[in-house]
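Some structures to go through are shown next.
What follows is a pair of complexes built around chain A, which joins chain B in one and chain C in the other.
Let's turn to the complex of A and B:
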């Protein structure tokens, strides 16, 4: 269904959801925007030239969470997380797409992560398309787009004084009940806005044969070149909406077993108990990060593990740019495989 | 503003004559806002070298990434020169294996402030001592350079490299050394509760990515205390205790070693203020021991030394 939501009516609508849901929306934190729970005084921030600093994956996979609490005499009990039904408002299409990609890892036949699943089932996502796409994003390059609908219950298009509300599920429809229908003309205008946004985005790098090139050049000097100025911090991976690695640690003083975000860019990530480290330097770690997204994801689920949100590009402390790295990868030699 | 051609000429000479094997400097990034640290191995590569106010890293951090015995050239500003000296004092590099190209520095520009002013669609940035001109698709914007500078740079008292092998460009007038104290005194004037609230508010945005650690030339430990498992020195996760533990211990490990270059704050993806802690410790070092790090390549930081005639052993 296509509806119209006047912007001045938005605050009341958001507040009306609070009775039944925890509502999360981007709000100002210091000098950036961050998904935080709606309060009486919340101010929605969507005018920034780009996405929230931390991706909303943190709402599904928190930076740190207790899994198990230890009790006296060697026993343990569930940490008993209470997860309320919730609405994530103004999630950007790249981030919603990322959450859907992560389902392939957390919801599997052999094993499903119960906390992930519960959060997924209890969440309604109201997406806000990017009518002015950010400069560092490259969603169209990796096969998505500024108005990508994957994993959204609702997609909003900013039309100036009002939003076009496209409901994409029953749950989404219920949240926007009672709004007037959008005229065909309004929808047509919104489609133009969507198309223009899409057309504004340049091709950041070619994806054709990229997987093969990265694979076949596993031992190339290329990795040395692109990792030279890497500091080995976790900015790119922690801000990334599709990076999902975690580490499980027993915090004995808290008597908790916790799950923390972890990253392949850290030395300790692949360090083995013997002292051996199969990825001893930033060369191998950088290769892992890029190959995971542009080779291994494809091997496993036939999708690129990057949604082009641009956060790694913006916040890398040394200005390393994955787009430039992959453009350079495209110049590597490779042989066409005729197998299968 | 630095004479880029003169820098390039000297770097080419160093590589052509085999004075050094590699020169660490900057090259352009994919966007004008993010120049990248770069390693130049041959004179032909040097065409792409850049040096401007947006070069936000302290290049001295790469010194410990390279083999100790490698002959390294580095383009250094005031703070980088002092960090290099501090590393030499700590025996991480010997002076003979280094060639320092000094460039006086007018302060590092905060690219995030540019984005706040003009958006992300930056096509080019030009700068002089007073103004930064940013070209975007919407037009040209003239911004005051001083308003765009990082806090550490605004209070910098060492804009000129002090022990470079060659200085490119005329030395600049040095900054007022009292400014550093003013920043500390502002924090010290708060009550204990206010200070703790400030510290909590900053530390608890932390995501434990350790960009501050990796950006810092003095954080070169092979194993950082936070990565140590047995015993565990601080909580592992993004919990208040873990985040505060990291920030306070990180700062204390810098006592008498920090040049207040501000690279930690510039690297932080969460805009966490950190230098108020290290500057407080720097200030204590100045007040109690008349010590400032990196002014020479012999003097050990006070907390790294012990002598039998120490007056008050094991107390400040």
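Let's turn to the complex of A and C:
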């Protein structure tokens, strides 16, 4: 269903949801924007030319959360998390796509992560398309786009004074009840905005045969070259919407077993008790990061594990650019026979 | 893994039945654990297959992945042998009978026993990695399973005789006529009646026949690295050579991302892989 939402009516609409939902939306936090709960004084930030610094994966996989409680006599019980129904407003299509990718890891027949599942089931996502795509993003290169609809209940298109509201599920429709229908002409104009945004995005690197090239050059000097300036700070993985690795540690004073975000870019990530480390230097760790996204995800679910959000490019302290790294990978030799 | 309505991250309650040193230098300790709840025990043994592992949990210290060193027929308990390495295994070494402990498992795939039926088995172990091979040997050794398999050849090497685990059983197995046992130590000792040398060399010397046989290797990485080619030289096909891998693990259920070997997770897709499978994966060990 296509509806029109006047921008001046948005604050009241957001507040009206608060009765039944926790509402999360991008708000100003220091020099950045961040998904935070809506309060009486919240100011929505949607005019930034890029998405929030920390990806909204944090709303499904918090940076830190208790998994297990230690009981008095050496026993264990599930840590209880209170998860309210919520609406995530103005999530960007790249970030919504990333959450859907992460489902393939957290929701599996053999083992499902109960906290992930509950948060997923209780969340309605209202996406905001990128009518002015950001400079560092490359969603179209990896097969998605600035108005990608994956995993959204609603997709908004910014049309100046109003949004085109495209409802994509019953739950999404219910949130926008009572709005006037958009005219065919308005929808047509929105499609032009969407197409223009898509066409503005250059091809950042070729993806054809990229998997085979990375795979076949596992022992190449290429990895040394592209990891040379890396500091190993892990910010690329920390901010990445598809990175999901976590550590599990015991917080003795809280009597809890906690999971925290972790990163394959740290030495201790794979360090074994014997002292052996399968990935002893940033060369192997960079190889793991890129191969996971552009080789292993494809092996597992036949999708690239990167949605082109551009955060790793924007926030790398030494300006390492995954797009340039992959362009360089495209110059590596490979044998076609393997691809067949 | 147990499905008791709890989160897969929450350990089930266990108690220590027996705890004893396995090696003369006290670096290896064995614990036998009993289940606090009958339902947990039932769920465990319905799922258990030799070659699987569990995460043993010490509240406040963390969890450690250890291979199961007992066969289901032995009784209503689970055995593990831990080398004292980090904070969790140090805590495990401090356990005594009656102490409470948590456990998650069984985890991983275990040995493909169905596929091995009717075949000769060559079991090659080194050091404390022998634990799951001990479980395998005990499983096969049981009268209800023994006829399913052909000839059994065991090669087990340790640095010293004192580090040899499960000494009583192994001594008894030497008397057994349907089993060929080759024990080895790295350097000569007085009164040692068996092989002296590294496991790959002993395997070459023993030269088990690859005809209708599978070989399974568990040992420290350096031993495995040199034993796999020795088996290939002897004529074993990569599809008939198996090994059990280890990497640092946290969740044990393929979520935390830590133990990946290419697109596979050692905890969920392994720990047992054939050499044919490993040859198709990146050498990221």
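Basically, the second predicted complex is superposed on the first by the 337 of 340 C-alpha atoms of A that agree within 3 Å, B and C clash if a C-alpha of one lies under 4 Å from a C-alpha of the other, contacts with A are read in each partner's own complex, and residues count from 1 in each chain.
Operating definition for what follows: contacts are C-beta pairs under 8 Å (C-beta built on N, C-alpha and C of every residue); 3 or more make two chains touch, one makes a residue touch a chain.
As the structure is a computational prediction, the values presented were derived from the model and not from experiment.
Chemist: Using the superposition on chain A, decide if chain B and chain C clash or fit.
Modeler: fit
Chemist: Going by the contact rule set out at the top, does A:5 touch chain B (first), chain C (second), both, or neither?
Modeler: A:5 contacts neither chain B nor chain C.
Chemist: Is A:190 touching anything from chain B or chain C once the two structures are fitted on A? First, second, both or neither.
Modeler: So A:190 meets neither chain B nor chain C here.
Chemist: When the two structures are overlaid on chain A, which partner does A:231 contact: first (chain B), second (chain C), both, or neither?
Modeler: The answer is first: A:231 touches chain B but not chain C.
Chemist: One more residue to check, A:313. First (chain B), second (chain C), both or neither?
Modeler: Once the two structures are laid over each other on A, A:313 reaches chain B alone.
Chemist: Between chain B and chain C, whom does A:91 touch in the aligned arrangement: first, second, both, or neither?
Modeler: Neither: A:91 stays clear of chain B and chain C.
Chemist: Please work out whether A:70 is in contact with chain B alone, chain C alone, both, or neither, and reply first, second, both or neither.
Modeler: A:70 sits against chain C, while chain B stays out of touch.
Chemist: Taking C-alpha centres, what angle do chain B and chain C open up at chain A, rounded to the nearest 10 degrees?
Modeler: Rounded to the nearest ten degrees, it is 90.
Chemist: Under the stated touch criterion, which partner chain does A:249 make contact with: chain B (first), chain C (second), both, or neither?
Modeler: both
Chemist: Output check: A:276 vs chain B and chain C. Expected answer is one of first, second, both, neither. What do you get?
Modeler: In the superposition, A:276 touches chain C alone.
Chemist: Please provide the least distance in Å between a C-alpha atom of chain B and a C-alpha atom of chain C in the combined superposition.
Modeler: 6
Chemist: What is the shared patch of chain A, the residues that chain B and chain C both contact?
Modeler: Chain A residues touching both partners: 247, 249, 252.
Chemist: Show which residues of chain C lie in contact with chain A when the two form their complex.
Modeler: Going by the criterion above, the answer is residues 1, 6-13, 57, 59-63, 85-86, 89, 99-102, 221, 246-248, 250-251, 253-258, 260, 262-263, 268, 282-285.
Chemist: Which residues, counting only chain A, touch chain C once they are in their complex?
Modeler: 67-68, 70, 73-79, 105-106, 108, 110-115, 215, 218, 244-250, 252, 255, 257, 259, 262, 264, 269-274, 276, 278-279, 284, 288, 291-292, 295-297, 299-300
Chemist: Enumerate the contact residues on chain B facing chain A in the complex.
Modeler: For this pair, the touching residues of chain B are 29-31, 34-39, 56-57, 61-62, 112, 115-116, 119-122, 205, 207-211, 213-215, 227, 232, 235-239, 242, 266-267, 269-271.
Chemist: Spell out the part of chain A that touches chain B in their complex, as residue ranges.
Modeler: Those residues of chain A that touch chain B are 29-32, 49-50, 53-54, 63-64, 134-136, 228-229, 231-235, 238-239, 247, 249, 251-254, 258, 260-261, 263, 266-268, 313, 315-321, 323-324.
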